[in-house]
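What follows is subunit A paired twice: with subunit B in the first complex and subunit C in the second.
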Partner chain A sequence: MMSLFWIVIRQLAEIEAMAASKKVITREEWEKKLNDVKIRKEDMNKLVMNFLVTEGYVDAAEKFQMESGTEPDIDLATITDRMAVKKAVQCGNVEDAIEKVNDLNPEILDTNPQLFFHLQQQRFIELIRNGKVEEALEFAQEELAPRGEENQSFLEELERTVALLAFEDVSNCPVGGLLDISQRLKTASEVNAAILTSQSREKDPKLPSLLKMLLWAQNQLDEKAVYPRINDLSTAMLEDPAV
Partner chain B sequence: MPTANTTIPIHGPVDLLTRLDSPDPETKLKALREIKNQIIGNRTKKLSFLKLGAVPAVASILSPYATEADSQLADSDVSTSNIIVQSAAVLGSFACGFDAGVRAVLDAGSFPHLIRLLFNPDEKVVDASARSLRMIYQSKLAPKYEFVQEKNMEFLISLINSECENVTGLGASIITHSCETSAEQRALCDAGVLKKLISLLEGSLSQKNATLESLAAVFKNNPEVISKFVGLENERAVEGSLSPRDSSLESLGTVLKNNPESVSKFVGPESGSALSSIIELTKDRYARTRLLACMCLIVIRNASPNYLQDVGIKAKLVYLLLELLDDPGQVGDEAPFVFSSLVAGKEDLQKLAFEDNAVNKFCNQLQKGQLHPKRLQGILLALADLCSKLEGCRLTFLSLKVLNQVIDALTHDCADVRTSACICLRSVTRSIKNLCAGYFMNEMLVISLIRLLDDPSVSAQVAALGAISNIVVDFTTRKSTFIQCGGIKQLVQLTKSMDSTVRFNALWALKNMMFLADDRCKEGIFLELTGSLLASLICDPEPCVQEQALALVRNLVDGCIKSIEYVFAEDGILLDAVGRQLHNVSDEVGIQGMYLLGNVASGNEFHKEAVMQQLLAQADNGAQSFVIKFLQSSDSRLRTAAVWVIVNLTFPSCPGAFGRLVQLKNAGIISQIRNMVNDSCLDVKLRVRTVITQSMTFGDGLA
Partner chain C sequence: MTTNTTAATTNNTAINSSSKYGNQDPGSYFIDVARQYSSPVGGETELEPTELNTVKSSGGFLVVSIDKLSVKYTSVNLHGHDVGVIQADRPAPEKRLVYYFEIYVKNAGAKGQIAIGFTNHAFKMRRQPGWEANSYGYHGDDGNLYRGPGTGEAFGPTFTTNDTVGAGINYTSQEFFFTKNGALVGAVYKDMKGLLFPTVAVHSQNEEIEVNFGKKPFAFDLKEYERQETMKQQMKVDKISLPPIVSYGLVRSYLLHNGYEETLNAFDVASKSTIPPMYIAQENGSGEQDIAYALAQRKALRQLIRNGEIDSALTKLREWYPQIVQVEKSATCFLLHSQKFIELVRAGALEEAVHYGRIELAKFFKLPGFDDLVQDCVALLAYEKPHQCSVGYLLEESQREIVADAVNAMILLTGPNVKDAQSCLRSHLERLIRQLTVCCLERRSLNGGQGEAFHLHGALKLHSGKRAKCSHL
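Let's turn to the complex of A and B:
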């Protein structure tokens, strides 16, 4: 795919210099160009490893390491830890997640008030979900209210969250969305990103952004030329242009 | 493994502290962990644990391990190492972004223990200790590390050479915190620290950030170290360019190698070299790294006129910092301060920023309201710098209707915000056009400023005085708002302050108040000030205060003859003080004194004679008259002021002029003036000729 990307870009440059009418590139020509671009296998493997590591597929990363000989640029054990934190939040075990993050690196939550607030918010949501209203009330007073005092920008979110206490049927109230699993996932991915940042790693794998670049480049080329295009990214099949 | 439905019991702080004392290591460890998990990220909890004495309790757990011999620790079991790690983490969290916590940790004596634990064989212990020390070093309260001593320098270098990220980070933080003097900067440079720091710029996120900060500390105001840094990298860049086979490049390299001067001429100070690694980091994907890289570059360009002066980099820095302002967190809070350091006192940069809509961007933020105090302070300071010189910036600022937000900031809870609001107002009120229009004689504004004269913070007082100094200049006759609000009493009160900066600024404001004031206004001020207080201020131990006091009296006696009478109040106490003081003063003070006498000498015969008396009075030690000294001064402004006095005294149509001329001649003053007919300063020359012409009207014999 990387080779394809470069070809598209080069093609774009060539056409830029040529006439305005659309150029037609046949499959043979295109494939020949593709074959001319040499991409090192190791680079491709690194891209795959980067994806597995960032997304937290430890087992797959280990297997891939054995099979391809690609060294991950991070201790795989730290991925396990990160995934355990993520999973804990996803299961609603926020306290457990907080403890794990603090074991991993106590600086993360001490220097990231917004993330800390979101975790506390999630803890409150879980208490409500489990019907522990009194405990939730106490928690809101003891833990959430001081965060709002410390940081004005949390106030709005805080009010929205505490509003959960006001409704009998929380699943059908205006702020019921907070109880959705999507809220857990949002919090979980925020923690995940913070841990990755603390490990000086990109929060997103490189592969998806490369795919985005491919799509962008194809769109640019569409205006100038007719060529075999990749329409389905999952198969990456070159599809003949409709001439 | 706990599920969502069970909660781990939360122990109260008191209970937890008792558990810390438990002889059972498991209980102790659990208590430590629980305290850690309760306080991390939670300021309120930190405070309540702090009040219960948690810090000394944890410190006492740590200390025996730190004092034990390393060999004994080497074979300690897992739980021991765990207890050390958890204790260090607890102390580190107390110290993280919480000055009261830092103080408690230092008071509990943990600092040397944590340092000692850096030599522990257990990597985890080293890591945890280094992290906690790093937290301490992020506070101003951390002890200064005297790395100039040889042993300490070795230790510091061992830190930055470490494999452990937290340890290198600690080394960089120590440099940031403790490198203050140019001798210290040079010592680090000579010890080869720069090279290592450059390589750390390629490290992890936290290493990069810590290194950028430490580099800024090493560079600050030190062009010598900066040129070494640039030279160092230039060499590397040239070596790099030798690797291609190109033979012409190779020969070029031979010419340039080890010759930083020609190298910098050749590559240009920025290209492919030196600063490129830092410049590169301004594009980093992390906002904090971008901010720190900008800060580092600004320190370099402010200290050294040789680097980063081209318009491209200037525009880029302005652009980047304005962009970072949009960051909702700490980076956005700090960006305005870095911006200020870029544009302060530099009109070209202010212009560039103005064209980039900087004023609008900062004002937009102000309009948002509910800003973090730090951000608010920074924005006000940035606006102050932008409006300090350019009228265009001031007009834009005023057109954006944010004056009320600034006035609100005058009563903010935080003293730094109040101070910066005043500084901002001082810059904005430099707009003569708006001052003339009476735009700033707004009651809300004036009342808030007067209230600040009572502020518990001296810097807020001084800043308020600065703003007041400008608004009272008011060229219309509407100084009354300020007087009605009781401002004069307050200002006079502050001229009695123990702090000379406060006295100085209060007098400055009163001096401006006096400028072109009407008789009633002058009288009001003088009654409040009194001749004796003014006389004592003229004799103040601080020359800058003397100068302002004399300038104030100069404005007081300026104008109609009636005003001149003020210096004769209380048996001429003021004029005597001036005469006495002028025998031994700096040029600046002398200038104000002579203009004051010049104004008095423009009055009637009685006034002129009184000035004569002062001029001819011998100094106590019998030294020559101060007028002669001033006429011989190398400062042309002082010579001008001195000749002016003589011009006024010898004005021919006055009855006593001839007599005075004779006296002046006998005192050797006229001959001194004759020697000045070809003075290098045109102003002086002109006045000298006036004196000579005036003396000629009484006949040549006299001259």
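Let's turn to the complex of A and C:
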């Protein structure tokens, strides 16, 4: 009992010492610093444009260009093509998607065997989903198996995928997850990223990484200072320092 | 006429903020924004070392070339206190990720006792870098690293005639690093605070080296090193997870805040058809009611101002929100009138501009907070090619945007549920970017002031920089 008491006392002392060594920045001081930051509206607009373009909001990007005067740093037509490929995968039209990717730039699949494998895998999954077992079997032998032989890391995935053939009720089998919508989304975002990379663009918009950086920077600063934080990104409300 | 009230505060007494703009015309915030544009956007510029400091060197033992970029040991060394040591003219800049410089060994001389490193301002200019406290040096004759008094420690290969050797400071990891012929040799923790000078030393007859402070391309791929350092940092940051669709919601609220109505509609339509459908922001959450206020009016006014149709904008404002343009000497009125003046200059209607200026701008002339901007406006008249003059910034698109932003904010302030003036002045997104900027700055200043700061302008340019490099290769 007594020892527990001392542990608590020691912990309190430690917390106090830590707090004492931290710089305390009041809300007023902090707001002054916030006001002193120089941010240009056109840079904010560029950040938003980057999000719209990378996430594929073509129409919104077009309107935003008109309403804000922000030039997209990419030909908007290429977004339309990219989104058409993504959508095709999302809807399960994998064959169509592969054709579209090759129309865009045949090098994308040539130089990216993993992506090609995942697309073929998705094609197989769609065949199973549609109950075309014979076609799926043929496809697995002709298209999937050779890929698996090419690359050890594909083999495991291949076996897991082909296992779908073994079950009558595929939606309720151990590998049933492959039939989930999330598998399509995963493949779709992989194609999306590959197309962006082929256009020498970053595959992710800048905004989320800046938001992560904000959370990280706040965590880092917590070690040295007590200051008004923003805890809820969606409201961006400044919260009073807890002293 | 009352001078202590403004359009917004007469209309809405609930606005009460502890901020700088709480007790005055909230529109004056945009006057400050406009003022920022009179100077170019800069990250931080620090002077870099460009040559060797010939005044403060161990003059008797070495000869410095006329361009102050190479040194030669001309005497015969006799002891440990006749080192030919020389510092750069300026300390290594600190407000960045990395500082780096190189030497090329033209002649290793009699003994090849060449050293490269960093020293502080108090360094004794008769000794090798690394032999004294507050100095670090990588030495050519034994490949050892010396730090402070004491013996050297095994570090890397030796270096001699025809080798290029580099020394750098990584401010993020707080390390010195050294290179030889373009390859990294190693890094060592930097337990020195304060400004550091790039330093080189020669210590036997005929030793001769050339220093490269970056005027010529480096043997070491510094850009790649910096990219990898940034990646390391990025990987730590990437581990943090974000609440789902927070980016999406912030973009949406940005569009809403600024009255980019058509973009918003297209955005909403698209996000309904995504797979799976994007969630649509709840109507009463996150203060969206406030910023959804008067969307159509704000959109229309922004469009007019962006087109330079200031008269029409003023007419609409008088009709829809008379309280905003009621006080003649308010910041919003000033911005609108000065923009009208600017539009006249742009159209070449100088006489009309003069006339308009006399009626609408003259009253701001002696008014504190406005006088400098009035002067800038009027100065436009003085130039034959106003676009290219020092106040040419006024003719840029950004100026219209500021006026549009001011009007937009003033309308938001007239909304029924406004609790906080700040939330009308800045979008959520902008508040977050400001918070990020200040956190990074504050963290740096608590860490001895070294390293990179965050600047949105620079962060957005990073990518295009990378692409530029690709096309360069």
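One rule holds in what follows: the second predicted complex is superposed on the first by the 223 of 243 C-alpha atoms of A that agree within 3 Å, B and C clash if a C-alpha of one lies under 4 Å from a C-alpha of the other, contacts with A are read in each partner's own complex, and residues count from 1 in each chain.
The criterion applied here is as follows: a contact is a pair of C-beta atoms (placed from the backbone, for glycine too) under 8 Å apart; a residue touches a chain by one contact, two chains touch by 3 or more.
These numbers were taken from a predicted model, which means no experiment stands behind them.
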Clash-or-fit label for the pair subunit B, subunit C on subunit A: clash
Subunit B versus subunit C as contact partner of A:M213, first or second or both or neither: second
Contacts of A:K224 with subunit B and subunit C, given as first, second, both or neither: second
Touching partner for A:F167 - first (subunit B), second (subunit C), both, neither: neither
First (subunit B), second (subunit C), both or neither touched by A:C91: both
First, second, both or neither for A:S68, with subunit B first and subunit C second: second
Subunit A residues touched - subunit C or subunit B, whichever exceeds: C
Which of subunit B and subunit C A:S200 touches, first, second, both or neither: both
Overlap of subunit C and subunit B interfaces on subunit A (superposed complexes): 91, 200, 202
Interfacial residue positions of subunit B with respect to subunit A in the complex: 1-5, 7-8, 33, 36-37, 40-44, 89, 92-93, 96-97, 131, 135, 204-206, 285-286, 328-329, 370, 372
Touching residues on subunit A, where the partner in the complex is subunit C: 23, 25, 27-28, 30-35, 37-44, 46-48, 50-52, 57-60, 62-64, 66-69, 73, 87, 90-91, 181, 184-185, 200-202, 205-218, 220-221, 224-225, 227, 230, 233-236, 238
Contact footprint of subunit B on subunit A as seen in their complex: 91-93, 95-96, 98-99, 102, 106-107, 109-114, 116, 126, 129-130, 135, 143, 146, 150-153, 197-200, 202
Subunit A-touching residues of subunit C, taken from the complex the two chains share: 18-20, 33, 36-37, 41, 234, 236-238, 240, 242-243, 246-247, 249-251, 254-255, 258, 260-267, 269-271, 275-276, 285-287, 299, 302-303, 306, 397-398, 401-402, 405, 427-443, 446-447, 454, 456-457, 459-460, 463-464, 467, 470
